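Pasting the structures here.
Each of the two complexes below includes subunit A, the first together with subunit B, the second together with subunit C.
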Partner chain A sequence: MSTTVSPMLVRLAAQRATGALLRDAGALYLVDGEVVHAESPAAPGIDILLAKGGRLPTERWQEAVDRAGAHHRVGRFLVDSGRLASGELEICHLGALFDAAFFALAPGGGPTRFRRGAAHWLGPVKPVRAEAVERETRRRRELLDNLWPRPEVDSAPVTPRTAAGTADITSRQRAVLDLADGVRTPAGIARLLGRPGFHTLIDIRRLAAAGHIETPRASAPPAPAPVPAWVADVSADPDIALLRRLRDALEASL
Partner chain B sequence: MANTETALKEAVTSIDGALGVALVDYTSGMALGTLGGGKDLDLAVAAAGNTDVVRAKVRTMEMLGLKDEIEDVLITLGSQYHLIRLLKGRGHTGLFLYLALDKGRANLAMARHQLRKIEADLEL
Partner chain C sequence: MPGIDECLLEAMVLPGARGAAVVEWTSGLALGTVGDSPNGDHEVTAAETAELARMAAEHTAFAPPETNGPTGPTQQGDAGKGIPVEDVIITTRTGYHLLRFVETTFDSSVFVHLWLDREEGNLALARIRLQDLAERLALI
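After this line comes the complex of A and B, so read on.
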């Protein structure tokens, strides 16, 4: 059986806890042990997805946050005021939630803390079972590794390789490649395109596997452990007589 | 405008022979919602696998230079139909509805028609 993505998430779900699970790479918000929201710097927020998708101008989103944020009812407000249909909000929110959770729960994302009672200003839209978040996060990791098992490309600046022909590139991948300038990271490109971070990583790994972008060298192997200091002391003053006796003994036994 | 749960429920109850239905994001392969299915038909696995079907077709159309969109894809098995309908609403690019039907009980033309209606409910 596969290993658990986040033992703390599993524990909090079992306790039906309410609050925020905080890591360096992002946060998950729980209500009664279910995941109601997630955010991560690597995943464009629902506001960006909606704005870039042409569904909700940034000003409308800001207005909703100003008016309903303090009551933790931004999602509700968007639907009740007719700005968004409930199914639309739900679909967009679910996409953003699983996307951010994938990054927030990434291995090596630093220590995990839990702030009990903390709630997100978006308010509940469609709670998801922690188990489903676990399972989906694991599936996504496996999917990326099957495409190109080099996680270094996920966070490094994206550098195109001009030599490779581009006949096999899809229009989705073309949009990613067009923004690759050796400086922008996959997260930066995702934000500019208004696409989920994970979706962009799928294109990045496929492009890297096909040789259209550089795969950075894996970090250099650790330097060998230094030779102990006594080695230098020994060679500074070799015991010539002992070495001669050793040589003689070896020759005699041959 | 229906929420996803209502739309999926309508698909399973109103379409004759429906075995299961899923709303799928075809880039990630994640099912945003599923209804029906069971031991013989794991909808999460079906959702992830069928993203490859859609992706392959989209790519082929690009290679052929066809400036058109996929409306639906039909896969006919010995005992089932699998129907994939791509959603086209402004905010919904990259999603498809996946419907598994019992071939013996289903009316394919009606099923396609009803799936179109359910898509419209989701889009409004």
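After this line comes the complex of A and C, so read on.
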């Protein structure tokens, strides 16, 4: 059974539409119905991914955007000017695209709008079929749920638990844990590490499943409704008061 | 400096090559595929080979913590180039599977998977060629 992640995305792909699909959690850019880019606040952009590893300093990005941004050809410019290998650009771009799409298409992400004709400054690098984005987003949701079915950890501040042993922690997880301070969220940690947001969530869910970080309570259960005054009064002297009321009630109904 | 598709097409020129893919091992995402897939579904194959690659890349038997250098904030963001594992080889009755890690200067976690016919394939040649391809994929 495959439920559609975004009915509007499917419809726009069928229409071979060009423009930006906008949601609260991010945006997908389409050209002729194919996805050419995606952005989300929860997913570090391709500029952050490349700058963090020291591959492409921020100034180089700025230069590329200044020279080619207006023509929506920044990706092409970076390769043509010898700043990036096309393989590098494709790997980083596709990773960032599927990452941002996963967050942008998250359930409950608010209403979906479409701005026809809108284009991203990066320009097409390696367009992806909309069905592939749909399928991958669905697969990623299942993958996370299989690791630790508690989506609360995805957005909550990451709090390490010191009691657990650390023998089973991988070096990638160690890097995530080192930045966990009870304040930073998984998205904040991903940005600092220069790693895709979803990859960080995989480590977060594994760390939570192994007990290395706290799993927040699902959502605080609603506070019980305040009891009526007579019940509260009764509790002060339960036996006598309750029995008297019971007797009175019984007598009244006779 | 080939792109993903050119790299895959070059891999398919190797004798006995039946299928190839570029896969992200952290997520199991296939970034590109060509030829056949052993189970008829490139995406399933990518997810399965990614799991194997992850084991090799992350388990301390193959990647002891010392070889990753000192841990801590100074090492942030370069986990992609810190993997000491170069490739993983699986031999089946009918074929070879070669997983070659791609080193990049950013955090990428990508490998090339090549599926070779056991009779026609030349594992030693494929290993050398795939190393060269993986290097050119990420270099100018």
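Please note the rule applied: the second predicted complex is superposed on the first by the 220 of 254 C-alpha atoms of A that agree within 3 Å, B and C clash if a C-alpha of one lies under 4 Å from a C-alpha of the other, contacts with A are read in each partner's own complex, and residues count from 1 in each chain.
FYI, a contact is a pair of C-beta atoms (placed from the backbone, for glycine too) under 8 Å apart; a residue touches a chain by one contact, two chains touch by 3 or more.
If you're wondering where the values come from, they're calculated on a predicted model, not measured in any experiment.
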Q: Look at where subunit B and subunit C land on subunit A after superposing the complexes, then choose clash or fit.
A: clash
Q: Kindly classify A:H120 by the partners it touches after superposition: subunit B alone (first), subunit C alone (second), both, or neither?
A: neither
Q: Pick one for A:A85: touches subunit B only (first), subunit C only (second), both, or neither.
A: both
Q.
In the overlaid three-chain picture, which partner chain does A:R55 touch, first (subunit B) or second (subunit C), both, or neither?
A. both
Q | Comparison of subunit B and subunit C by subunit A residues contacted | A | C
Q: Examine A:E136 and indicate which partner it touches, taking first as subunit B and second as subunit C; both and neither are also allowed.
A: both
Q: Mind working out whether A:D178 is in touch with subunit B, subunit C, both or neither, as first, second, both or neither?
A: second
**Q.** Touching partner for A:F198 - first (subunit B), second (subunit C), both, neither
**A.** both
Q. Of the two partner chains, subunit B (first) and subunit C (second), which one does A:R73 touch, if any: first, second, both, or neither?
A. neither
Q: Determine where on subunit A the residues touched by subunit B overlap those touched by subunit C, and list them.
A: 50, 53-55, 85-88, 90-92, 94-95, 98, 126, 136, 139-140, 143, 170-172, 196, 198-199, 202
Q) Mind pulling up the subunit A residues that touch subunit B in the complex? A) 50, 53-55, 85-88, 90-92, 94-95, 98, 126, 136, 139-140, 143, 170-172, 196, 198-199, 202
Q. Considering the complex alone, what residue numbers of subunit B touch subunit A?
A. 1-4, 6-7, 23, 25, 27-30, 32, 48, 58-59, 62, 90-95, 122, 124
Q.
Going by the contact rule set out above, which residues of subunit C touch subunit A in the complex?
A. 1-4, 7, 22, 24, 26-29, 31-32, 43, 47, 58-59, 63, 65, 68, 71-73, 75-82, 102, 104-110, 136-140
(Q) If we count contacts the way the header does, which residues on subunit A are in touch with subunit C in the complex? (A) 49-50, 52-55, 79, 82, 84-88, 90-92, 94-95, 98, 126, 135-136, 139-140, 143, 170-172, 174-175, 178-179, 192-196, 198-199, 202
